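Quick heads-up: structures coming right below.
Shared chain: chain A. Partners: chain B in the first complex, chain C in the second.
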Partner chain A sequence: MDPAGVFAVRYSQDRALLRTRKQWFALAVFLAALAALPLLVGPRLIAVANIMLISAIVVVGLQICTGYAGQVNLGQAAFMGVGAYTAAVLAERTGLSFLLTIPLSGVAAAGFGFVFGLSAARIKGFYLALTTIAAQFVFHFAVLNLPGSWLGGSNGATVPPATLFGYRIASDTSLYYLCLVCTVIMVYGAFGIVRSRFGRAFIAVRDDDVAAGIMGINVVATKATAFLVGAFYAGVGGALWAYMLRFVAVDQFTLFNSVFFIAMIIVGGMGSVVGALIGVFVIRAIQELITSLGPELAASVPFLGGDIVFASMNVFLGGAIALFLIIEPKGLMHRWNIVKAGYRLWPFPY
Partner chain B sequence: MTPLAARDVTLRFGGVIALDRVTVEVRPDELLAIIGPNGAGKTSLLNVLSGFYRPHSGQVELEGETIRSLRVDQVARSGVARTFQGTHLFAGQTVVENILVGRDVHMRTNILQAFCYFPWVAREEDEHRRAVEEIIEFLEIESIRNERVGTLGYGLRKRVDLGRALAQEPRILLMDEPMAGMNSEEKEDLARFILDVREARKTPVVLVEHDMGVVMDLADRIVVLDFGRVIAEGTPAEMQRNPDVIRAYLGEAQ
Partner chain C sequence: MIIDFVNYAINGALLGLLYALIAMGFVVIYRASKVFNFAQGELVVLGGFLQWWMVVSMGLPMIVGIPLAFVLAGVVGLLIERIFFARLVGESVFAMVMVTIGLLVLLRGVVLVAFGPQVRPFPIVFPLQPLVIGELMIPTNLLWGGVLTVLAAIGLSWFFNRTRTGLTMTAVAEDHQVALSMGISVKRSIAFAWVLGCVLSTLGAVVFLSGKSLNFLASEIGFAALPVALLAGLESIGGLLLAGVIVGVIQGLATAYLDPLVGGAVGSVLPFAIMLLILLARPTGLFGWRTIERV
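So, the complex of A and B:
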């Protein structure tokens, strides 16, 4: 629903993402604030912001695959790992520029994801979730058991820093801008996909795949495409992750991470790109809060002991997510839409 | 040229013969009703015609070309649209988006173009949106175009279902019990839309329907199925007098 007095008179206005001047203004301010962030906060928070931006790319991909197309995917961290390892190998062995390795990592992850997307042709829901967990273990097993000279095995692999015209993108701030630019591009692309025929086909397959087939949508190809796109996003995120840490290892991409990515889209709201971004921000912020509060708590209340504090912090994080599921199962985006509609109708009830 | 024909179609589910050497031809511009008692195989026949079931033997031909071996989405792309018994709308989408899904068969954008959302992608969207608006106007659902279909009443949902099928600009329209569960006012509206579709678009319509009043008023020709066989075929007036039809519906006098 549009605010009072705003009426679309052309179809282009009706499909526009930003419909009022104020919305354009708000977006401009938000992007300017993001661009100025390194000037405003310290390096510690910039490092956190980098992780948030990378997670945002991965989770937006998961949102397309799971939130829009309804294909439960518990292997997103493995897809991310494939991207990270691809970037590591390409950058280390071939010396390709990050401008090429990042999209190529996405393509490699998309190829890996596509294989699991094909299994979605035959199975749904619960069974598909189990199959995508297999992706996680195939990845883990392959990296650890391939010859050590290929991917580094359990030692992991180092990654040279990204360079642009001789400038090394190695500091937190320069990495922040790299991640920010990539995130903006990927989020813009996600908005393009979800409001195109593909987004509609994804939702059609999610809501009623029988009807979707009869409407002329190739259900198998659509599901596979959803995995392809989701894994591509994960691969791009993985490549950035590799450039950020300059080191990749299998234990950075575990089932635990995949579950957290799912938690992010649930907390933010299924079927909304903005919801995915909100979910990433909220969960990562809580995680960060806990990791920074933990040591302080352990220091100020010494008789508790560090172990108990750290263990209970994870319980607290899990509890926070469980609380979200109980209070707002449709996600924060849903709540925001209700508030927005109410505000625009005020003082009338409908 | 016959728009759509099933020739000698046999369909079995295990030991049950749902369709037994059924031959049905749809003529150009006609409204063909398929009737029969419960379990006669009406919906099975519709599912065969729309490519949802593949018959064990026999042919399905769309304008002379066989579509028997095509997938269901390929059948839809070659010009067969259908509406559903009950509703099978995409509940998470608005009315406009549901009908736009029907336009998908005419869209050409690929995933990379969608990612970049090039100006011509937007232009394609707008062209199809224009076609959708014509259908919305035709079905008189302007006021609910931006509602999510999950919130709509049954009668309106059936209209959206019809709109989605019309958006495909099909060469033939199949309708599975469109009148089921509607009140008489909604039935009248829908009957008017079905007649208008035929008038304005010259699209032949195949109607599976239980409501005899509607069938007798609308249909040009009726095919009667019983136990998977065609037992009679002809105009509504002929069918009302046909002893086989009366026997199938009312049973034998002792």
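So, the complex of A and C:
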């Protein structure tokens, strides 16, 4: 909903993502703040920010697949892993620049995701969600059982640092800018996808796939495309993950991570790109809080023990998913939209 | 050679029946509430820990402790329904399924907080010595488990297909709205589903864990049992037996003959490959319902 007094009089205005000066201003301030972040906070928080940005890319992909197209995807971590391993192998073997390996990782993951998405030709609904669990198992099996010289097997694989014109992108700050640029591009792309012809087809399939088919949408192709797009995002995130840790191992991409990603879109709000970003921020921030406060808590309350940190994180996260589904199934973004509509209409009730 | 083959096949089949038992918890919940329970493995772990708590930690004799653990598991099921699903009746099934994903994480956390991450010894419920017939060696726990699975499958299929209560629950699995408008209590059906699902998972835990060690990682069997449920078709309880035997025999033979060739783990991924192939050929599984969709 636009603020009062803003009317689109030209088609380009109707198409615009940002409709008012204030929105442009807010976006500019937000991006400037993100760009200036390394000057404002310490290295520890920058490392956290890197993880948030990478998660943001992966979760925006999941949002397109699950939130917009309605295909529950429990294999997002596996798709991310495919991207990470592709980046690792390409960078280590061929010495390609990261400018190429990151998109190529996305393409590799998209291919892997597309294969599982194709099973939508016969399988529907939650059965399809289960095939994505199979994706997770296939990924683990493949990495661990392919010859060790290919992917490193259970030892993992090392990744050389990304370099740009001879400058090594290895410090947390330089990685931050790499991740930031990638995230901005990918999120902008996501806004484009979801309001395009494809995005509208995704929403139609989510709302009712039989009805969508009757209206002339190719349901199977749409579902497979949703997996393709979601996996592409996961692959790009995985490549950045590889460059950040400089080491990839199969344990970094478990079913549990996929569940975490789903938790983020539930908390943020299904069917909203910004909601995905909010979900990532909230969940990762609380996770970080528990991790950093955990040791102190364990020290002051000795009988709880150090394991309590991991355990309480699970209790918190599982509780958060369930609570959000029961109390606010549309997520934080929906709350924010209510607040926004309220202040735009103020002082009138509607 | 041939005796080895028979041995692997029989052991595989019995392991498959164990998967069928675990999958039964999953199918019962689906059959009475239309909810895909992603937390099945965690229910098994919880059932295992409840028994460990009663028998090993509290020191109760097995004859008292294990039935008590079953009662507790039923209470946990009822609690899950009261806390989460009772509030979601009338919402979409999608939301309920998402809640089970939340439960997966939550239950793991609860188990870790309550019982810790240490590896615990599980009480020896079934004798450790395998049953030896000629040259065949059959693990006793799996044999008893197989018998229990067959009995449970027969009993539950009769319940769901022949009794009035079971048929009303079947209506819930068909469509919540329609069931509600026919005067069927969706809430009660879901409560029953979770109580029964938790009890069956605890039974699965006894068979699976008897005499072994237990920690939270045992939940992996929940996902290992999924191919069996899908192969049978999610609505069929009797079909689980056949599906379990098929998956188990294939897995047993693959572990014995293919693993040495490729270096391991074929047995664990093959059920998923079978599952994918079967779903592609027959999306409803072997005995699932073929539903007609309307807009």
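Note that the second predicted complex is superposed on the first by the 341 of 350 C-alpha atoms of A that agree within 3 Å, B and C clash if a C-alpha of one lies under 4 Å from a C-alpha of the other, contacts with A are read in each partner's own complex, and residues count from 1 in each chain.
Here is the rule we use: a contact is a pair of C-beta atoms (placed from the backbone, for glycine too) under 8 Å apart; a residue touches a chain by one contact, two chains touch by 3 or more.
All values derive from a computational prediction rather than experimental measurement.
Student: I'd like to know which partner A:A201 touches here: chain B for first, chain C for second, both or neither.
Tutor: first
Student: With the two structures laid over each other on chain A, which partner does A:S119 touch: chain B (first), chain C (second), both, or neither?
Tutor: It touches chain C, and chain B stays clear.
Student: For A:I214, is the partner it touches chain B (first), chain C (second), both, or none of the two (neither)?
Tutor: both
Student: What's your read, chain B or chain C touching more residues of chain A?
Tutor: The partner with more contacted residues on chain A is C.
Student: So in the superposed three-chain picture, is A:S154 touching just chain B, just chain C, both, or none of them (first/second/both/neither)?
Tutor: A:S154: touches no partner chain.
Student: Shared contact residues on chain A for chain B and chain C?
Tutor: 208, 210-211, 214
Student: Help me check something: in the complex, which residues belonging to chain C touch chain A?
Tutor: It comes out as residues 36, 38, 83-84, 87-88, 91, 94-95, 97-99, 101-110, 112-113, 116-117, 223, 226, 230, 262-265, 268-269, 272-273, 275-276, 279-281, 283, 293-295.
Student: State the interface residues of chain B toward chain A in the complex, per the touch definition above.
Tutor: Touching chain A: residues 50, 52, 71-73, 76-77, 82, 84, 88-93, 97, 100-105, 107, 109, 111, 114-117, 121-122, 125-126, 129-130, 146, 164, 168 of chain B.
Student: Which of the residues in chain A come into contact with chain C in the complex?
Tutor: Chain A residues touching chain C: 70, 72, 74, 119, 121-124, 126-127, 129-131, 133-134, 137-138, 141, 144-145, 208, 210-211, 214, 255-256, 259, 262-263, 266, 305, 307-308, 310-322, 325-326, 329.
Student: Spell out the residues on chain A that touch chain B in their complex, using ranges where they run on.
Tutor: 1, 10-12, 14-15, 188-189, 191-193, 195-201, 203-204, 206-208, 210-219, 225, 228-229, 271
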